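Look for subunit A in each of the two complexes below; its partner is subunit B in the first and subunit C in the second.
This part shows the complex of A and B:
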């Protein structure tokens, strides 16, 4: 199995996703970006991401719907939510829907990086468990 | 402040008018029944009292009338008895007359002054009395003529030959085949005393007159001036006698001598030859009534004065209370408006925070990227160019932040409620931009179609801002899940400026449509909306002399239309500078708008 964490960044701020992606790639992650919820979902069809970093406030399909959809289609994929201060309620709602965690913008890079790593670790753990059960 | 003072001055007449109308109402309501009752009961009391007094006087006069009449009748009967019993022939003798006279004086006191017998030729042939009247010739005397016609005659009070007032009872007797006359003279004082006894109050007096208003008794005071008046009254009494007026008739006339109103009670005596007259000033006769009436009037006047004073004080106090309450209400309204403004600002803050967070996040990441690159060293690959790019990005994101903060500042600065001429188009554009970010995340597309050259309106920037912001926020909320289109239009029509804000949201049910402008009416969950927004808008628009209306179809959308009167001296707005997306000029232009 490949060690590289596959991360999908979904945010309407393309400048933000581009730079963040660049930095994460440098730290050894495989990163793809999408500028809206719909694009993110279609990207997931071809790119089996371990972790999705999802902004909750986007034009078009909003973050929570995207989260809901992801959890429906790819239950093992971990989602970390990015929120503004004012949308705390949305973040909590997201947690209820099965998000791994939430981060508040602007987020410290290290924190984000560790959170993504944690999320990926949990995903792999889950996968391992399912694999083990299947074998056993 | 100046504006508030102006308001106070312009509203002063309103409260004065209010006080006045309250005063009139109180006075009317209290005085009308009082006056009505006073008039009615006063009238009834007066009537009843007058009737009582008049009945009393009438009875008094009738009683005396009867006693005088019966006195006269008695005397006549006595003389008749004399004539018949004593017989004619005996009367010729002087001694016989004297003894008769003495007998009469003994039994009747001094009533009978003298007694005489007059022969057919009118010569007194026998006489008994204190005066030397033997042989007096009465052939031309009125009574002598009258008795020949009527057999019995009672004369008016006369002075006769003796110069002393008296009256005569004459009786025709048959003496030796000749018609002689038995004559008795009675003292005037006998009747006089009887009549003089009638005295009531200060001015009440009674007397007897004949038909020609010649006094038969001496009135207590000089009445010569009233003779003509009496004559008239008695003449009238005679006319009316058929109608039963004769017995104790009452006449009220003005006495020309004293100038006072006088009440006369007249009653015929002696078969209508004499009249018993009772007279009294009405002021005296009804003295008790007038006293009570005066007391009543005084009480009424005092009551009226009290009521008026109370009405004045009460209405003034009430008006002042209303004024204070109104002021408090105005103050409360101002506070509510302020609270509403804060609420809409809070709503804005959510959008702003997100808007600011985005560029900040980018800057943070770019800075991190530059650090990463520096760790690697600038010589490697095209790292230097990458650092340049990142710095440019940081700068442009910083500029973006600055714009947002400027927008916020300009919003916050426009809290001055001064009314000034302003262009709605500019404000609409500004607000549309302001809400654009929020709209974008709610999937709402804001479209503005603004008519060029719309007249300016007199309004306060901050209030209009609040109105538009509130309506736009409401529209965005109405389209919450799913988004939609928000159209803001402006147009001029007949001296008015119309602004309409229409959305394609959930609409407002008919039942709620009536109540949306009511304060505290909200359909939002508790804690989400105050229910004040539209009521504040309503108040603001009303204050400007405009109005706001709403049309809504459930699930199709809602359109609010604001009508504002165009400013009279205002110019037309410059043609708009295009789409809402375009950025406004930098803060230089802003500070001008707010007017410092």
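This part shows the complex of A and C:
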């Protein structure tokens, strides 16, 4: 993976996204942020993210709907859910909708970073396979 | 569908020979496909490792030694569920359509776990928000909480004088929490905070309390409360000042007193009433209240706050009375702790108090009287709130109750005990007209294993301090930490001795991690003393000059029974205290236990059994085990498939008299190795750290042959097992019949028969330490079952010496180690490799313990030659 991972952070806690974003940039990621689902979706129109880190509960459009929409529009983009509201139901529902994983705050930075790396690797593998099929 | 998979696995293995060369493009495609599959596999075993971790954490939590909250239970169960779901999904990707049944089984289990961990939001049953205290009795405990319900009962049925007032019910509390999703938001804040991080916990508490204080109450509730106030004012013919007190539901768990953890706001008028109500609600989330619930295993959602609003009683004197001694079970005398003015100073533990001990037997009489020098008192402020009032000189040293009054207080206390049928802890006031008022009553917490007479061994050193009152019995030792202000609490060391000037209730937040408490002021009737007794923390109060006499960081021994503090650890006083399972029987642990029934137990232990299939999965652990096993098989099946075998599956060229095959899952061969066309691979062409380490261990020390009891030679044993499948347990797939390494750069698994036993090793070692692991499975043998069991135990115990967790079931050993860095992992893999080679037929000697010990020493000696990084 030579290109930098493109990550979109969607969370209404802007302090959190700002701090996390800075740390991830230091680790070589390209990071954009959005403070609600709607803003996240419009950001994706211009920013082809490999991975979206998505808060489940935000004002406005809720996380699951945003997830659904992202997977509809950009099926290869991996979405990692991140939430302060641990809910088994939401977790499984999200996974069924195609989320890569469901993390609960507080999450250790390393764990989150690995998760983003794994999600990006997954996405690029999928792209490679589709590319391969097209050629073949 | 599952049968097809096995069927496919059983197909004759013909891939090794006769197949023409693939083109370069084909090879590249195959590599890509391998990478994608290996990625699924890697994520599956990563989830497997995390699930192992999380289940270990769950089992530890079930043991109940460490406190945890309901939010923790919820997060942990959700984490495990998410991981298992991922495993199913990755397995599904490895063989689409083959495992769809697993999703259904998962769903079923999920539905059984769910009710135990998700908070059922209390529905609004339309109960009134406010009740008149004159209508309240013990049957209203759900609406009013036990304190107010018992007070109403004592006033309305027993006929004692209680304050006029009303109560804002738990139904109102539910309405407040539902308004604006306040309860949800609080749950979120709690979950996001690490309970070990003290500063974060303090911030959490203040954030939640601010949130509650700033969230507007529902309009209707405000109207109801103010209407109740106005009705009370009309009845009294004046605008009364109120005492606004908590009466929480859900704190009345057996043995839990929750003494004084919540706020009371005194002398509140109409304008301050709504804020005072919110302040009491907010105190549910004070640091000490949260710590208390955590340590008691109480669920936040079970603690509903009802709030009593009662007219202030203009107390001449007041205090607390115990209907019998809380620390000595044989002492049934009534003890009265009394001050001038409002009783608050007694409860707060901030002032010196008079103590009157009354013999309950008729005729009741004063048995003991200690009159303290009282320097201040609390009185109602003219406008609102309470303040320290001036004390008349003659009051300072005068008893705050006459003997006659004290006997009266005692008589009332005993009548309440008789009425409720349990020892009581009451708060009372006497007004200038000499009348007794009951302000609060609740069951008295008695110390378990109350101390008998104190015998102290001879030859103890001279104590630093020798005085005070036993607020909670026992002996504790630890480093001194003086806490005079809240900031001092942040640096409090685990196991420290808490030294205070005043025994403030808020210091209870530290009780779960201190080994003893010493306070200059405060009596045994205060809240802090109450909670110390409940937590079994030795506490000695009334130790004058304590703060000056000790030094932060110095070790002291506090003998609360012997009323002395010694420098250093005084061994003769210290007896081993068994670790207490603090969570045992608590609601939070109960919820976890019920959920765990569908999570931890492993029923699918034998992969060769016909019962090893999705429909037999009863727990998440079963699914986890099944997914892992099947994923390994799927990887194997794919890798040995005709089309790809040339690229992936090779015979190992080595100089041991045993055949090994190596299956490359992704990036496990060097370029030269991958380019070979002879379907073989040399050891140095395998680019797999775990395989290299394991192999080194297997061949580092030449095996001396079977132990002496055996007559046959090495060769016979080496081949016997593969020649004669009947000697071995289970078996059936070619996967388990051959010696296969599956490798990638960071991964290796080996399934093999050595001698008469089967062993499996699986390991991932990469840069992410948290994902590293090595597991080792071992079963079978040629000796009888008993000896095989002994060997399994021997190997298990041996591995435990190298950080493994080992579990032995009959002659099956499962050992696993996780989270070690690359170098240490390499060492552990060598140890495992060594054991694979050297435990062959060790079962033969397992009856002679001298022989076994000799072997163990030999093993350790050999292993010491490996470069141990630790």
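One rule holds in what follows: the second predicted complex is superposed on the first by the 132 of 136 C-alpha atoms of A that agree within 3 Å, B and C clash if a C-alpha of one lies under 4 Å from a C-alpha of the other, contacts with A are read in each partner's own complex, and residues count from 1 in each chain.
Assume contacts are C-beta pairs under 8 Å (C-beta built on N, C-alpha and C of every residue); 3 or more make two chains touch, one makes a residue touch a chain.
Fair warning: this is a prediction, and the values are worked out from it, not measured in the lab.
> Determine, under the contact definition given at the top, whether A:75 touches first (subunit B), second (subunit C), both, or neither.
So A:75 meets neither subunit B nor subunit C here.
> Which holds for A:106: it touches subunit B only (first), subunit C only (second), both, or neither?
Touch status of A:106: both partners.
> Looking at the overlay, what does A:92 touch: subunit B (first), subunit C (second), both, or neither?
Once the two structures are laid over each other on A, A:92 reaches subunit C alone.
> Going by the contact rule set out at the top, does A:26 touch subunit B (first), subunit C (second), both, or neither?
first
> Tell me which partner A:15 touches in the superposition: subunit B (first), subunit C (second), both or neither.
first
> Can A:121 be said to touch subunit B (first), subunit C (second), both, or neither?
The answer is second: A:121 touches subunit C but not subunit B.
> Hey, what residues of subunit A end up touching subunit B and subunit C alike?
57, 84-87, 105-106
> Using the touch definition up top, name the residues of subunit C that touch subunit A in the complex.
Residues in contact with subunit A: 29, 32-33, 35-36, 39, 43, 46, 71, 74-75, 77-79, 81-82, 85-86, 89, 110, 113-114, 117-118, 184, 187-189, 191-194, 768, 770-771.
> Can you name the residues of subunit A that touch subunit C in the complex?
The touching residues are 57, 84-89, 91-92, 95, 101-102, 104-106, 110-111, 114, 118, 121-122, 125-126, 128-129, 132, 136.
> Within the complex, which stretch of subunit A touches subunit B?
13, 15-16, 19-20, 22-23, 26, 57-60, 62, 84-87, 105-109
> Spell out the part of subunit B that touches subunit A in their complex, as residue ranges.
Per the touch definition, subunit B meets subunit A at residues 349-351, 353-354, 357-358, 360-366, 368-369, 372, 390, 393, 397, 440-441, 443.
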